[in-house]
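Pasting a structure here, questions to come.
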Amino acid sequence: MISAEAKARLKTYLDGRESGPGRIVDWILIGLIVYSIITLTIDTIPGIPPEATRFLRISEIVVTLIFTLEYGLRVYVAPQRLRYIFSFWGLIDLIAIAPFYITLGLGLAGIDMRGVRAFRLLRILRLLKLARYSRTLARFHRAFQLAREELAIYLLLTLILLFVAATGIYYFENPAQPEAFASIPHSLWWAMVTLTTVGYGDVYPITAGGRIFTFFVLMVGLGIVAVPTGLISSALSQVRREESDARLAQLVAEENAEGKGDG
Amino acid sequence: MISAEAKARLKTYLDGRESGPGRIVDWILIGLIVYSIITLTIDTIPGIPPEATRFLRISEIVVTLIFTLEYGLRVYVAPQRLRYIFSFWGLIDLIAIAPFYITLGLGLAGIDMRGVRAFRLLRILRLLKLARYSRTLARFHRAFQLAREELAIYLLLTLILLFVAATGIYYFENPAQPEAFASIPHSLWWAMVTLTTVGYGDVYPITAGGRIFTFFVLMVGLGIVAVPTGLISSALSQVRREESDARLAQLVAEENAEGKGDG
Amino acid sequence: MISAEAKARLKTYLDGRESGPGRIVDWILIGLIVYSIITLTIDTIPGIPPEATRFLRISEIVVTLIFTLEYGLRVYVAPQRLRYIFSFWGLIDLIAIAPFYITLGLGLAGIDMRGVRAFRLLRILRLLKLARYSRTLARFHRAFQLAREELAIYLLLTLILLFVAATGIYYFENPAQPEAFASIPHSLWWAMVTLTTVGYGDVYPITAGGRIFTFFVLMVGLGIVAVPTGLISSALSQVRREESDARLAQLVAEENAEGKGDG
Amino acid sequence: MISAEAKARLKTYLDGRESGPGRIVDWILIGLIVYSIITLTIDTIPGIPPEATRFLRISEIVVTLIFTLEYGLRVYVAPQRLRYIFSFWGLIDLIAIAPFYITLGLGLAGIDMRGVRAFRLLRILRLLKLARYSRTLARFHRAFQLAREELAIYLLLTLILLFVAATGIYYFENPAQPEAFASIPHSLWWAMVTLTTVGYGDVYPITAGGRIFTFFVLMVGLGIVAVPTGLISSALSQVRREESDARLAQLVAEENAEGKGDG
């Protein structure tokens, strides 16, 4: 339909990497995402007047149609369409509009699914695009890659610790509180709430044994909870050091090259 | 009215950077801030005897008049008056006295605004001046600047995470607890209280699905909460290293200069 | 009974270090551990139908027999049998099966001990084997070794802090809340829940003195709680740095060796 | 009375730095401290049988007499007696026994002061002596010294933040919850419990404005709470680096000295 040149220009606009029209398109889309999030959030509040609800629904239809148009254009201008559709950003773009059409279809079929509607809020993930081209995200990525294996082992240790804590507290507290610590899965809830130091206060040990056990679990557990902080911190330090070392090495190389040139 | 020399001396006193009278003025003002904070705090306690209230009011008037005089003098001695008025410290100095005159005006107009009166407590921000000339604050500033972009992206990630957590828990818990998880905004309150590990215990999931979802949210969320600690720690390390590298480079440069001088 | 060669091959299979059959045996055992954990967890839920209970019991018997066979084979193929039995992994393997036989024995003797049954869940510790050969675990181990003495002193400081906090709060709160702060041991529970920032909300100070005391305890206490994070982080950084220094030193040594060879 | 030599030997025993009798004296005293802590803790439990109470009282008298003897000997053998009495360890040693004699005196005067008795538990501070000669404590000390000014500024920032948070929440929540947020001091309790993420759940905002304000307070506040961790971590890293640099510098110096010797 349209020339290859127009297509390329359209792609540039949608990518939002260039100044001028592309930047404007970018900010309009960000504004729409934020607007859409706010309306969807308000929409879940019970007891809002029907006129407000009607306005929210209409504005939601308009916004989703714009996002659908954007998605269609992105697929259209992509050099490899399937690759875009199944890429991270392609899937996020689809998640942003799919719940609307699913609830529409279910609604026409007479099924009311509020839950699916809530998923429209996941279009907030599109805001991640704001950070797409930043050096920071690359540094994060590199730090996570460095600490990946360690984080996996930390996750394994955490799971083991949660089970050991749940087993122990079940043994101590089940006779005294058969409701709160009814089973190991119930005790797992306690273990998680305690070891993350959230401590809602809906379940807590009341026996002396359970409290002493909690002491030991927390002494060991907080150390394990502290490890990922240390890991990410340590990895980020290393990434920064590597960056400055690379800069230094480049400077030295340039100087040497000059020195040889002089010689 | 007064000579330029007297004006310059007055400025020196108010800045509090020099020993002698300036230092004394400085400590008197700090003492007045602390005294003023204490009286304003006591003033909000309900049921204090009327004589105490009267004394507190009078002492507040005296303290505010002194602060007003100080503010006037600072504006008077400033080389560029508007620049001082709209500077960070100028605004803080204004915040310290403005609520008094606003409540006075409102009181004369027959309006009682306790809220505005509480804002007088914001004069505690003036205590930040204690740290104004310290090397530490400069190091903090530099570390925050180094980690600025990263902290911004962390804030974006946190906001996205809060929304995703709120959407998910709303889906799981709303049918079981229509009061506590009445809407996405209500669920956002839960998400914030949980991910910061404050865990008041006013809202918490009770369904199995909601609890398993909470597990995943916390596993990912605590990692994100841990990142800023790592960022600031890593940035502070770098600032310290830069400082010691700069000292080292200076020493080497001095030695080389001596070496050449010898040659 | 069997040849030394067959024994060696069996050992290789059980160790799971080689690709092929050994790897398959490894994954089957991991699958059985996970399956066993899930069934044991479900088994503690009250009110599950009797058929489900029967199925769970039978599958538990089968799994434990397989683990017993595995344990027997491991003891059989071990070069030094006693050494394996009293090694860390040998004890874990025993813990995984012992509770089954103990409850069986107690059951035959007419004693019902649900608590001992729960201990079967400790076979989750066998999952630690997943991380046995990873470089990460070695790094963890080295970091903990570096920070060992510091962690011990932190533990001592924490214990002292807990006692000081409990003593103080008992003094302030016992007269006002004789139930919640009935004794120093009761106050220790409060001290632990507060200083780890879990904050269940079952006990908290209500007097002005107790609250001001809590402020000071938290100001000092959070610093102490923060120290182990710093310790482990700092130790992990050092381990990483040592590793990269060692690599660098090796590279330099190789280059020098080449240089000499050329000369 | 006794010879200077015997006095010196006695001092060596009490200091516990040498192997042999001194080490034994040291461990006996540590054991007595631990025993004394346990008995004093048990003593506060209400409803223990009178015989147990009598036994605890007698053993407390014996232990305190031993500690008094030890204190007397320490004062006796100290080269400068007043200096020891007012030293850190001298004061701790006095705190360990003084409450006993104070309660005795008050008891004879017919006054029952349970509070003072609880202070005997502070003799747990004597356990700090365990860490007296460790290199770790020196490293801690150096790290705290490095981060001292920064920690002071962090404390100032925390205090300012607490006041700003309390002022703000008082403004938002006082009309809705006049009991829980009765005054700024009451709100300060909320601010502290929230910013340290303890979150007992005794006070929490219920208005939309108060909750949104809490969000901003936590976003800024957790960053400030995270700073000391970063500071101590960063300082400990630097201390470790300085130590290894010093070792390296020594090695290089030794090598150079050898090199010159060869030349």
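As written, the chains take the letters A, B, C and D, and residue 1 is the first residue of each chain.
To be clear about the criterion, contacts are C-beta pairs under 8 Å (C-beta built on N, C-alpha and C of every residue); 3 or more make two chains touch, one makes a residue touch a chain.
Just so it is clear, the structure is predicted and the values come from calculations on it, not from any experiment.
Novice: Give me the step distance from subunit A to subunit C, shortest route via touching chains only.
Specialist: Minimum number of steps from subunit A to subunit C: 1.
Novice: Looking at subunit B with subunit D, do both copies bring the same residues to the contact (over half shared) or different ones?
Specialist: different
Novice: Tell me which has more C-beta contacts between its two chains, B-C or A-B.
Specialist: A-B
Novice: Tell me which of B-C, C-D or A-D has the interface of A-C again, with more than half the contact pairs shared?
Specialist: More than half of the contact pairs of A-C reappear in C-D.
Novice: Using only Cα atoms to place each chain's centre, name the chain farthest from subunit C.
Specialist: It is B.
Novice: Rounded to a whole Å, what is the gap between the Cα centroids of subunit A and subunit B?
Specialist: That gives a centre separation of 29 Å.
Novice: For subunit B and subunit C, let me know how many angstrom lie between their CA-based centres, rounded off.
Specialist: 41
Novice: Considering subunit B alone, which of its residues make contact with at least two other chains?
Specialist: 185, 197-201, 229, 233, 237
Novice: State the interface residues of subunit D toward subunit A in the complex, per the touch definition above.
Specialist: Residues 197, 199-201, 233.
Novice: Contact residues on subunit B for subunit D in the complex?
Specialist: 37, 40-42, 44-46, 114-115, 118-119, 121-122, 124-125, 127-128, 130-131, 134-137, 139-140, 151, 155, 158, 185, 189, 192-193, 196-202, 225, 228-229, 232-233, 236-237, 240
Novice: Give every residue of subunit B touching subunit A within the complex, in rising order.
Specialist: Residues 149-150, 153, 156, 159-160, 163-164, 166-167, 170-171, 174, 178, 182-185, 188, 194, 197-201, 204, 208, 211, 214-215, 218-219, 222-223, 226-227, 229-231, 233-234, 237-238.
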